[in-house]
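The following pair of complexes shares a single chain, subunit A, combined with subunit B in the former and subunit C in the latter.
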Partner chain A sequence: MSAYVTTIATMITIQAIAVCGLNVIVGYAGQISLGHAAFFGIGAYAAALLATKAGLSFWMGLPLVICISGLIGLLLGLPSIRVREDFLAITTIGINFIVEALFRYVPFFGGALGIGGIPRIVLFGIRMKGEAFLLLSAGFLAICMMLSWWLTRSWASLACYAIREDESAASTLGISPVRFKLFAFVIGTAMAGLAGSLYAHYMQFISAGDFSFPVSVGFLSMLVLGGMGTLWGPLIGTIILGILPEAFRSLVDYRIFLYTLLLLLMIRFQPGGLLGEGSAARRVLAPLLRGGRR
Partner chain B sequence: MLLEVRDLHISYGDIQAVCGVGFHLEEGELVSIIGANGAGKTSILQSIMGIVSTKKGSVIFKGREISGLASHERARIGIRMVPERSRVFPRLTVYENLLAGAYGLRKKIDVEKRTEWLYSVFPVLKERSSQLGHTLSGGEQQQLAIARALISEPELLLVDEVSMGLMPKLVDEVFEVLRQLNKEQGLSILLVEQNVVASLAISTRGYVLETGTCAIQGDAAELADNPRVKEVYLGH
Partner chain C sequence: MQLFLEQLLNGIAMGSIYALVTLGLALVYGVMRILHVAHAAVYTIGAYAGLYLFGATGSLAVAFLGSMAICAAVGVIIERFLYFPLLKYPPFVPLIGSIAVLLSIEEAARLVAGPYILTFPAKLPFPDVYVGGIQISSGLLAIYVITAAVLLVLWYITTRTELGLAMRAASQDAVIAGTMGINSHAIITITFVIGSATAAIAGILVGIYYNQVYPTMGTVPAYKTLALIVVGGLGSVPGAVIASLALGMAETLLIGYANIPLPRDALAFIAMIGVLMWRSEGLLGSSR
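== the complex of A and B ==
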């Protein structure tokens, strides 16, 4: 595999992990989030700081990174309990801008220069890069997808679906909207944190711009394109939107515009996504896609 | 006394929907609330369930003031509602809708037993068990909403216009189910109905709501004979 292809494939797997997390929040629990890149960034910065300042290895730092992202996700998920859907969209955008600004202007986070010199991941004495790193991140992606699959079969996901469909009807059945919205935010942002940690150790250099609002729009576009609430949707959407810009390099400046356009078109014409209920792809692929049907 | 509602006031912005309603329900009773469109019947049920907040007044369930509880907490202590227009979960299957209702029941065996029983009461739900909620007909959705509320063995069932959109034969069947639940299993039911004759026929007592307060109350048979009830709600 050429280095170029390996790089793109690695970026796709890392992003797919973040989109998997977004899927838990948006697809399973029905809570819109336009600030997912903030949690991707929180994971990346936490990993970078733990590695460069505290000298922890990727593996030692990982549980901490996941906990930090999930905890901050829990705190920042609190508004979802109070505010209505359209307001939640605005709130999450705000969170994204605030987090990005903190990274950019607080010296502790490296300021405008970002954080460099993040060590590579070492596994079995091997320093992970190239194809080895791709395999590692694909492994993590597989774990996240298995977790998503397992979630779709649990009581917790049924509770999430019920809240997504009709919050007050769900609450009259004894399902606590607060608990399960927060549950979804914690799982979803923890996955974003994992993706961020992989990203930091892969790039070895991160800066605030990597986690800006357009990145969040990108994540959401990938999810909507692939199919919210489906098991394979996050992966499919990320692959398509990960490859397309490479094929149309000249359009790279218009990426955010194209993502937004795509989002609007999908919502207008195929709201379930490429793999959603009643989509053309689903009818053809139906036998392959059992599991995570919703 | 299982349920007591005192001096209930509900308003939406400037609209006073309910002002000063009080009533009670003994254990094992089936009580009807009658009233014109917009009289505030749904609002009352929703405030007992905790979905709309009350401006003033208290709701006492099994001797305990529950006005401060969230609706899922009220559900946990045994209150369930069949909401107006059923509100089944559209993109969950019939079976998943039932499971969502069984959320508090952790034991799998209980869930299976209850599901089997409900399937025997509403056979159409068994036939449609893997169909999505929104693909059911209106009447089937009503049956699903009842089953979803019953699966957890509630102590108090709030029923909001369950006969809406059901064909006459099914209305009879549903009322028969409610009557049996009440008579044979001692389930306490608070029934809101446009179908006044049918609801009074299975009720112990009833209340008539007018302009946001309880205007008339009494035994079901008495109410069915009351000249004012006859004139306004029975049309003769």
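== the complex of A and C ==
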């Protein structure tokens, strides 16, 4: 594999992990989040600070990073209990702007300069880069997808689906919307934190701009394109939107325009995504897609 | 003291412009329950259309009226072809569509007009006024007068006409309004016409006041105005106006005096989260 392809593939696997997390929040629990990049960033900054200031290795830092992002996810998920759907969309946008501003303006987070000199991940004495890193992140992606698959099978996801479809009906059946919404937020943001940690150790340099609001829109677009609430949707959406800008590269100036236009047409004519309920691809691929949305 | 008053005047101008953009958003949310992020793209189109019409004809009146007409058409197209067919889906589906429209229009503006900042060399026919040694420049005065006029017209339409009555009825309950013989889709369309024309005015005013028109001029207002309609109470037009004025003043004064490490653009969202925690229906919203 050329270094170019490896780099793109690695970025796609890292993003797919974050989108998997977003899928748990949006697809399974039905809680809109337009601030997912904030949690991606919290994971990345936590990993970067633990590695550069506390001198922890990736593996020592990882449990801490996941706990930190999950915990902040829990705290910031609290508004979701208090506010209605529309408010939640705006609140999560707000969280993204505030978190990005904190990264950019607080000196502890490196300020406008970002954080550099983040060490590579060492596994079995090998410093991971190139294809080795791709394999490592693909392994983490597989774990996240297995966790997602297990979630679709578990009682927790049944409860989440019920809340997504009709919150008050679910609560009359003794399902606590509060518990399961927060549960989804914690799992989803912890996955984003994992993705952020991988990103920080891969890029070795991070700055606030990497976690700005457009990144959140990108994550959500990937999820929508692939199909919310499906198992494979996040991966497929991330692959397509990850490759498209490269495929359109010859169109130079027009590529972002085509990209946004495609998103617009997709949401207009196939809001369930490529693999969502009632989509063309799903009917063709139905036998291959057991698991995922019920 | 003089500096304080000058800052305050700037803050009110800033707030007035926020109010003109937020108004349309609040009206649209009222009748359709959609977060119309693409409203900021309509505002950008308004600025560009005004600039080109002014360049072609040299008349500000033509620029304003033509730009309002173009924006009204764009608003109605967005409503007809995007929002209306998506109404049956959960609210975040039209929201994502709206973000996609915003990004597409920004990109289209960049491709058509170029990525650079264009200047808007027009002067609105208002005099510089001196009150007790403080100068109110013609640009500031224009913003005050035009915003006040627009608010007055809108207030008249929504409270004193049958159309306004129908709009308020449709925003309270579209189904019941429909049984009373109100064509709620027509009301939605009219709301988009009014809101988008107002955005055009805001776009031209901002373009002239800052002498800048550029493709991404709508990005920050797009999300900040969302925070404003939440603070004001979703769908409440007076609430949105009050919140806009308060934010404009708070931004200019706090940034000017208190040494806050956060950029001004985060302030709206911090205020919003504070208001949501304290009074989740917003300042003037009614709990539903």
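The working rule: the second predicted complex is superposed on the first by the 278 of 294 C-alpha atoms of A that agree within 3 Å, B and C clash if a C-alpha of one lies under 4 Å from a C-alpha of the other, contacts with A are read in each partner's own complex, and residues count from 1 in each chain.
The working rule: a residue touches a chain if its C-beta (ideal position, glycine included) is under 8 Å from a C-beta of that chain, and two chains touch if they have at least 3 such contacts.
What you see is a predicted model, and the numbers here were worked out from it, not measured in a lab.
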item	value
Contacts of A:G77 with subunit B and subunit C, given as first, second, both or neither	neither
Partner chain(s) touched by A:G43 [first = subunit B, second = subunit C, both, neither]	neither
Which of subunit B and subunit C A:G242 touches, first, second, both or neither	neither
First (subunit B), second (subunit C), both or neither touched by A:P234	neither
Which of subunit B and subunit C A:S221 touches, first, second, both or neither	second
First, second, both or neither for A:F87, with subunit B first and subunit C second	second
Contacts of A:T172 with subunit B and subunit C, given as first, second, both or neither	first
Residues of subunit A touched, compared between subunit B and subunit C (which is higher)	C
Contact set on subunit A toward subunit B in their complex	155, 158-159, 161-162, 165-166, 168-178, 277, 294
Touch list for subunit A against partner subunit C, complex	26, 30, 32, 34, 79, 82-83, 85-87, 89-91, 93-95, 97-98, 101-102, 104-106, 213, 217, 220-221, 224, 253-254, 256-257, 260-261, 263-264, 267-268, 271
Subunit B residues within the subunit A interface of the complex	49-51, 70-73, 75-76, 80-81, 83, 87-92, 96, 99-101, 103-104, 148-149, 152
Residue ranges of subunit C touching subunit A (in the complex, touch as defined)	29, 33, 35, 81-82, 85-86, 89-93, 95-97, 99-101, 103-104, 107-108, 111, 223, 226-227, 230, 234, 261-263, 265-266, 268-270, 272-273, 276-277, 280
